[in-house]
Amino acid sequence: MNTKDHRSSVPYANPPWREKLKTQLDSNSMNHFVIGIIAINLVILGIQATPAGKDEGVSGLLDIANGICIGIFVIELILKGLARGSEMFKRGWDIFDIVVVAIALLASSGPASALRGLRALHLFRVISALPSLRRVVRAFLRALPGVGAIGLLMIFFLYISAVMATGFFGLIHPELFGHLGNSIYSLFQIMTLDDWSNEIVGPVMKTHPWALAFFMSFIIFGAFTILNLFIGIIVSAMQELDILDRQNSSEKKEALEVVERLERDLADLRRRLNESPGK
Amino acid sequence: MNTKDHRSSVPYANPPWREKLKTQLDSNSMNHFVIGIIAINLVILGIQATPAGKDEGVSGLLDIANGICIGIFVIELILKGLARGSEMFKRGWDIFDIVVVAIALLASSGPASALRGLRALHLFRVISALPSLRRVVRAFLRALPGVGAIGLLMIFFLYISAVMATGFFGLIHPELFGHLGNSIYSLFQIMTLDDWSNEIVGPVMKTHPWALAFFMSFIIFGAFTILNLFIGIIVSAMQELDILDRQNSSEKKEALEVVERLERDLADLRRRLNESPGK
Amino acid sequence: MNTKDHRSSVPYANPPWREKLKTQLDSNSMNHFVIGIIAINLVILGIQATPAGKDEGVSGLLDIANGICIGIFVIELILKGLARGSEMFKRGWDIFDIVVVAIALLASSGPASALRGLRALHLFRVISALPSLRRVVRAFLRALPGVGAIGLLMIFFLYISAVMATGFFGLIHPELFGHLGNSIYSLFQIMTLDDWSNEIVGPVMKTHPWALAFFMSFIIFGAFTILNLFIGIIVSAMQELDILDRQNSSEKKEALEVVERLERDLADLRRRLNESPGK
Amino acid sequence: MNTKDHRSSVPYANPPWREKLKTQLDSNSMNHFVIGIIAINLVILGIQATPAGKDEGVSGLLDIANGICIGIFVIELILKGLARGSEMFKRGWDIFDIVVVAIALLASSGPASALRGLRALHLFRVISALPSLRRVVRAFLRALPGVGAIGLLMIFFLYISAVMATGFFGLIHPELFGHLGNSIYSLFQIMTLDDWSNEIVGPVMKTHPWALAFFMSFIIFGAFTILNLFIGIIVSAMQELDILDRQNSSEKKEALEVVERLERDLADLRRRLNESPGK
């Protein structure tokens, strides 16, 4: 805290115009303006994706409107860059903004129709613009390290199982377990419990009846690990967001009040004791 | 509490007949009568939906019985309106009652067969009539603000992903991702993990092999957010309903008893100390 | 406790043979014998369900062995009845034993092949015979009242939604929503998220595009309520089984140790104070 | 702790070379070397499972590389055996290492193509090599006893239900419930809610309409028990891994600090009291 105050008050590092620009960019009205532009942009790209938006004239107009929105974002980011300099690349959300806007810009300018979908990527700026969403994402990210080992275990489990399944069933069921990619896809489908019996385990069991043992242990352990991973992240994130602790903290407060009363009593007691020998 | 007592005891605001009507409408026997009528109505509309109820004669009789039930509800609400006046529109459950009964009345009187199903909407009055159900719904509603940001994140995530998917796959798979509505439906289906591989991801991957990366991250993040949202609401609601805290509170009570004993000991100690110098 | 001691020591109520029989039936060796018979019976009926057990000779032998097992259970229950008299019908697990054995006996003696499956019902006696399983079931049953209101809400929600869906879609999709039974089945399938899009919501949406709003709110609210109900019961049952509280209780123990040390210090202090004025 | 120190310092039990070998095998650099070999092996078998790895020349080279890796593991285990002697068979992870390497060795040397998949089994050594994964697995294993009874209940429930279903539906639906194995598979599929309506319950209900009661109670109780089992293990494991307790422990720390301050105050008080009478 001290260093920050110091840095921002040193005149030769930050000329007055830079300070002023910084203050204006961080102001509430600027933030509301950006949120407003994102909201308009969300609507524009939404309309363009409806049947009405397919009309050539309408689509052209919406393209221009979208271009103006992206233009505003680019200008805002350039101004931020001028105001903050290299500092900007140390703030996660600023990097996020630069990356999504840059990708959207590239996808818009290029002719490749395959990348058309990426034009909407910069709409995710809505997360960095709204403080409440930023808080949720931050809580998720902080919860990740705590469950990192479970995630790693799941990735190794999926990978090794896929190598084994390719070896077991690859020759006879090439469409399901022909190579590593195929196998990972099939096993991921089994993990989500989507149509596993009819599409995957059923056909394989016709040629390899013992496959049931492999798949049943995979389902039990896999569904179990994935559920574990999710619940672990969720519970950690909810603690971070204080959803779980409201009740506890009120209890803690009560207990602390009692303890404080006790402390006051003790202090009073000590005061009297200090006084009494002086008599 | 004070204001309420005051308001209800002022004679010129509430004439005696109004007070009496209010007391009678809020009485236990009135409540039991309404619950009884709802129970009968639940059975009537249930029978009408069975094959036996399709018989023209039976159906006509049941229609009349249903009409009588709705009539009673209308009279009850009018009496409540007379007794409470404009106050009525400040109580959530009263507004709920008025809305569902009004919709059911409109659907019953109109000839439109499409709206026939709405005739049963007023059966949801069973929630406002039974205190235990009212308590559960209230707990859910109170839990909503705590997880509002997660819900908002999920809606933005679904919307922006749908815009992107329309751009990516819309031209080649119009039946799945042709326009915004289609895309939201398809992505919602993937979120619930229902037949995602066979119906949606499989066909798309045949033309866009790289789609796997898009869908896999969508499944992991989407299923994760929706689960998070649900568990967040549930845990909050259960805390509200005291399901989670029974055990803890008994432990807390024990701990507080010990602390109280300590406090008594300290007070006793201080009393003795107060006495001792006086000697 | 006192009454029990009293009752069992009164000679005219319980003649000596009755007391002796009771002691023997409740003995550990008797319990192990019953568990052994259940284990044998589990294996017998399991073998009879395998292809090897379909052989006529083998099946006949297994039928006889099964009959002997049931015979032993009947004798055990009769002896219990003699020892305990009418008291027996006050103990939940005894009633459970009587009901499942009686149904299995009826299903075995009758010729009806449709009821053949009920012959295995008495195997559920394994739950009442093993104390650890009895404990789990008891914990579940105790958790039920706490979530009863949520269960009631779900039943009303499913029933009223089925009545409404029959009214909305019954005429045009009689195979899905033709009558109340059909509709409840279809909506239950949607609640479990099993193939809801392809089998139910897809066909209905072709004739009633607005049905999406009905089904989406049903899925969100329905899946949500069912998950809530389950998690509520589970968390309550786990608290009952002390799975959740191991950690907490160890922390509580530590805190209590500190408090005890404090109390000892205070008592010591008071003792010295009591002594000091005497000097 | 004391015994261990003693044992390792007794010269006649462990000759110096043995001690030295032990120290070197347990060293960090040795551990990093083994993790490196496992990482290389993960990549080798992964490449072999891709289409590029099917090429005969490449596959031969990868086979040799894999053989070298397994050779290194065998040498490492032999050295460990020399260093630790019979002690080795008391450590769970060492036994795990020996078993998976032995199975992989057998599968590699044998000609049977069916066992080809088992060649990758020793890759699971990654779990015993990485401390963080070892910790997660240990937490799961410790959580098992707490939920053992629920698991047992589920196994009995599935088995007895399968015996009953074979009796009920076996003759008319031999492909679904023809014998015990079939029935367990079908009921397990219903438990995972995978396509239960279309593939299993639908066809059976056409011939046995009353089957709905059997299957609906199976789904509710089955899905419920399996969820319970999983959540029970997960919550216990997360407590073991301290994911749930971070927040609480910081609060506990605060409370303990207050209590410690109180204790110091009391000790100080007692010291003064001890001094005061001496005056």
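As written, the chain order gives the labels A, B, C and D, with residue 1 at the start of each chain.
Definition applied: a residue touches a chain if its C-beta (ideal position, glycine included) is under 8 Å from a C-beta of that chain, and two chains touch if they have at least 3 such contacts.
This is a predicted model, so every value here is computed, not measured.
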| said: For the two copies chain B and chain A, is the contact made of the same residues on each side, with over half of the numbers shared, or of different residues? | reply: different
| note | Whole-Å distance, C-alpha centre of chain C to that of chain D, is 29
| task | Find the geometric centre of each of chain A and chain C from their Cα atoms only, then give the gap between the two centres in Å, rounded to an integer. | result | 41
| request: List, in ascending order, every residue of chain A touching at least 2 other chains. | output: 193-195, 231, 244, 255, 259, 262, 266, 269, 273, 276
| said: What's the contact topology between the chains, one of line, ring, star, complete, other? | reply: ring
| message | Going by the touch definition at the top, which pairs of chains touch each other? | response | A-B, A-D, B-C, C-D
| Hey, which residues of chain C end up touching chain B in the complex? | 146-150, 152-153, 156, 159-160, 162-171, 178-181, 183, 193-198, 208, 212, 216, 219, 223-224, 227-228, 231-232, 235-236, 239, 244-245, 248-249, 252, 255-256, 259, 262-263, 266-267, 269-270, 273-274, 276-277
| said: Help me check something: in the complex, which residues belonging to chain D touch chain A? | reply: 42, 45-46, 49-51, 54, 113-114, 116-121, 123-124, 126-127, 130, 132-133, 135-137, 185, 188-189, 192-195, 199, 230-231, 233-234, 237-238, 243-244, 246-248, 251, 255, 258-259, 261-262, 265-266, 268-269, 272-273, 276, 279
